[in-house]
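Labels run A, B and C following the written order; every chain starts at residue 1.
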């Protein structure tokens, strides 16, 4: 069976296919109402995420299937110390496909190596969240009619925002996209994300991106085709005075939209706290609630695709083991005692296969 | 779309229609087994209430629909600070109808202004709980054959008991009902509830009620057609000695039923702790478990009705804003930062539209 | 209606019937896909147990039914002090069959006396867990082709392990079984379990068992047809040094399997922590994940059987009351104030009907 852990697990062709399926579902909803009759989705949410969980559940019900699962870890066997591997082996007896959210990076990848059914990563710590990116892409495609030739402003916490990193990786696979990175200095996009895009472009693995960095949302407002807002969290700032000084400049409101294109599209992965003022909600450019609808459609398309691929070979660990260990405290290797540490070589850097952080030599 | 926040949102004619539908469901259950096929109920329980939640879920399943949702707030995005408005806008993409329980008064009303699907109030703090009243009314109707000409004893905590206030408002719309209010002095029915019934009677908006107040359950026992028991909670008493002295007199047991009519009907909104002794359970007058069954039937009827009304206009805020603010700490306005404070004028008093408490002038 | 609280509530003939149904479900799954259409299972889990809950839910969905319920007590009315009796009376209005897990011994028995629908015990404290035993029996039957003439090693915590006690009681009903009890001295099988088997054998109520006790797993490894592993918990040891000394000898790994039969069958009720090393997982003798699949099949068979029996007489309390009281703090009698203490006479010992512990005379 096939699993989706990272947005890059899907080829550009597969993304096209998923978007076409999603659009067909939107147009001919009834045609799909019985497609998963008798199938079960297991929503294994080791960390609560109501929106994502309800979206997956709605998707499965709209395909005629059923849902089992849990909404947080203390309702699960994890509180008794069971490994992710054992949990998904057992759940493979109960369900046909898994959507897993976990607070540890790499947990869904571990799951995919052990489940005998497909695993969809529904968010693993600060690492990946591919179905959010699917929602983003479909929304851009529906609103702009294309995924190329776009100027995309991304605003807020670009350092820790996993949805931002995935969206950048996804957009790099389409031609002539320009990314305007708007953030306080403390929360700039990590250089390795840019390096990774550039390295792949050099190897012909993507189409490349042009990047512009700024602190000022208004500077490029008139150029944006897409404005992707994310939250700037007080907790991220060492200097709280700095936070107080900056926070308002990263809040979008009706006044700041004056110079924006009339057909610009405003996105936000939600939930928002106050980074988009409610006076923007009735603006026709506000697309963040449409994103939620599109997320459900893409999850329906993905569930369908993975179930229809049917029995396949379980993915197997690809990596080396022995010389290095991961010491990232947020990685699944930090809690799973019997999990072997594997690494992969990436431009001369050895990275953990689970969390993608650099591994350390074993002394 | 149409929402039900308060029992008075339903006209007497609509109540009749709902009761007739409920009776028809009871008689011809199979006829309804597919009526909501393909529809989804979202149970958004920001505060746990197993009984109410299971009743809604059973109702939806018996109509052939499905259910998504959460059972308590820490499983929800609310713990990340998301507004009720945003939550229901997103849930409107996932479900066809919402049942919302919230610890803040007025939250379901806020939801109804923002959802694009119908919202049923499943209890908002100490404020309203209309589907409990629907259960009460159907039970009285099935047991007594009428909702008028009844002597109704209501016992216990009449000060804080929201189900009591709603039942009184509902019974005032039928002719010749007499309410005997039985409570300790500290927990008497608030005068404004009585004033409200009387003012509406004067304006011809209801049929009026005659009220009798007493501390003694036994005094009028022989007159009751309906005996509605509620809990007297220790926490409500400033004077604990007073509580100890009184508590037994508000516990119904077999001995106290000696003078009661043979066809009296004993109700309780459940869960009970000890305010009805288990030696009453086998008495044919005990109807509190039938209430649970009737609650499910009325919820089925209400879900059906609201879904069948189909797309309609979203309810809009009706009220004034500017001069006054609500300072009720239990009101939804106390936690939702961006929610405008609206008030309505009611007999010269200005009340918050969300929680119905008197608002304060802005200095 | 008929309930199943203890594995011994099912006759040997009924067990055969359930196993045959389970095998038929495994062979002809589609035939059963609509058998419970329109029926609802209530999963009342007052204590979390993800595996057991998901197994019941999967079972019900695969029969075409639906599921309502809760996953832990703080989501339930129990936190408001409602009795088990009231909870199940109300749930009887919402569902067709109950699966109850409770932290108090005897709670599901109390439920069975009060529900008007069948109750399945999904684990009551350290007392019974009959559907785990059903999973064990079907796995043994499928792997070995018989339930008699077997040498069964049971390893680990035999003192507190409820699944062990139930499995022993179940195996005593088949001929020529030999049980090898492997445990540290501190966690030996209680003598009363052995006495009970022997007393029943003497009265012709079972087939008897031969017992061997040892501290050493390896001693009889070559004889085992079945090796049933359970967890040895650190918390159970008064002497922690003793625990450290012993713990490794109760961990099964590939090396320890060298002398075992090639067709031995390794079982574990799961979740495991580390008592079976992951290097055993790929051994063809490892059957613990098959147990999970078999558990689902037996739960399907049991739900079907109990629902098809249809309306029957509610079980009634059989026992005496008055002279004795249960003082077991883990018994449901310790928390339910209005629950009468009943006892039964068993070989001259008076035992609580709820928890089976010896009762104390009332002074």
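To be clear about the criterion, contacts are C-beta pairs under 8 Å (C-beta built on N, C-alpha and C of every residue); 3 or more make two chains touch, one makes a residue touch a chain.
Treat the numbers as computed from the prediction; the structure is a model and nothing was measured.
Taken as a contact graph, the chains are fully connected, with every chain touching every other chain.
Both chain B and chain C derive from one sequence, and where they touch, under half of the residue numbers involved are common to the two copies. Our note on geometry: chain B versus chain C, Cα centroid distance of 42 Å, whole angstroms.
Each of the following residues of chain A touches two or more other chains: 71.
Here chain A touches chain C in the complex through residues 38, 40, 42, 66, 68-71, 74-77, 79-82, 85-87, 89-91, 93-95, 337-338, going by the rule given at the top. Within the complex formed with chain B, the residues of chain A that make contact are 33, 48-51, 54-55, 57-58, 61-62, 67, 71-72, 270-274, 277-278, 289, 292-293, 296.
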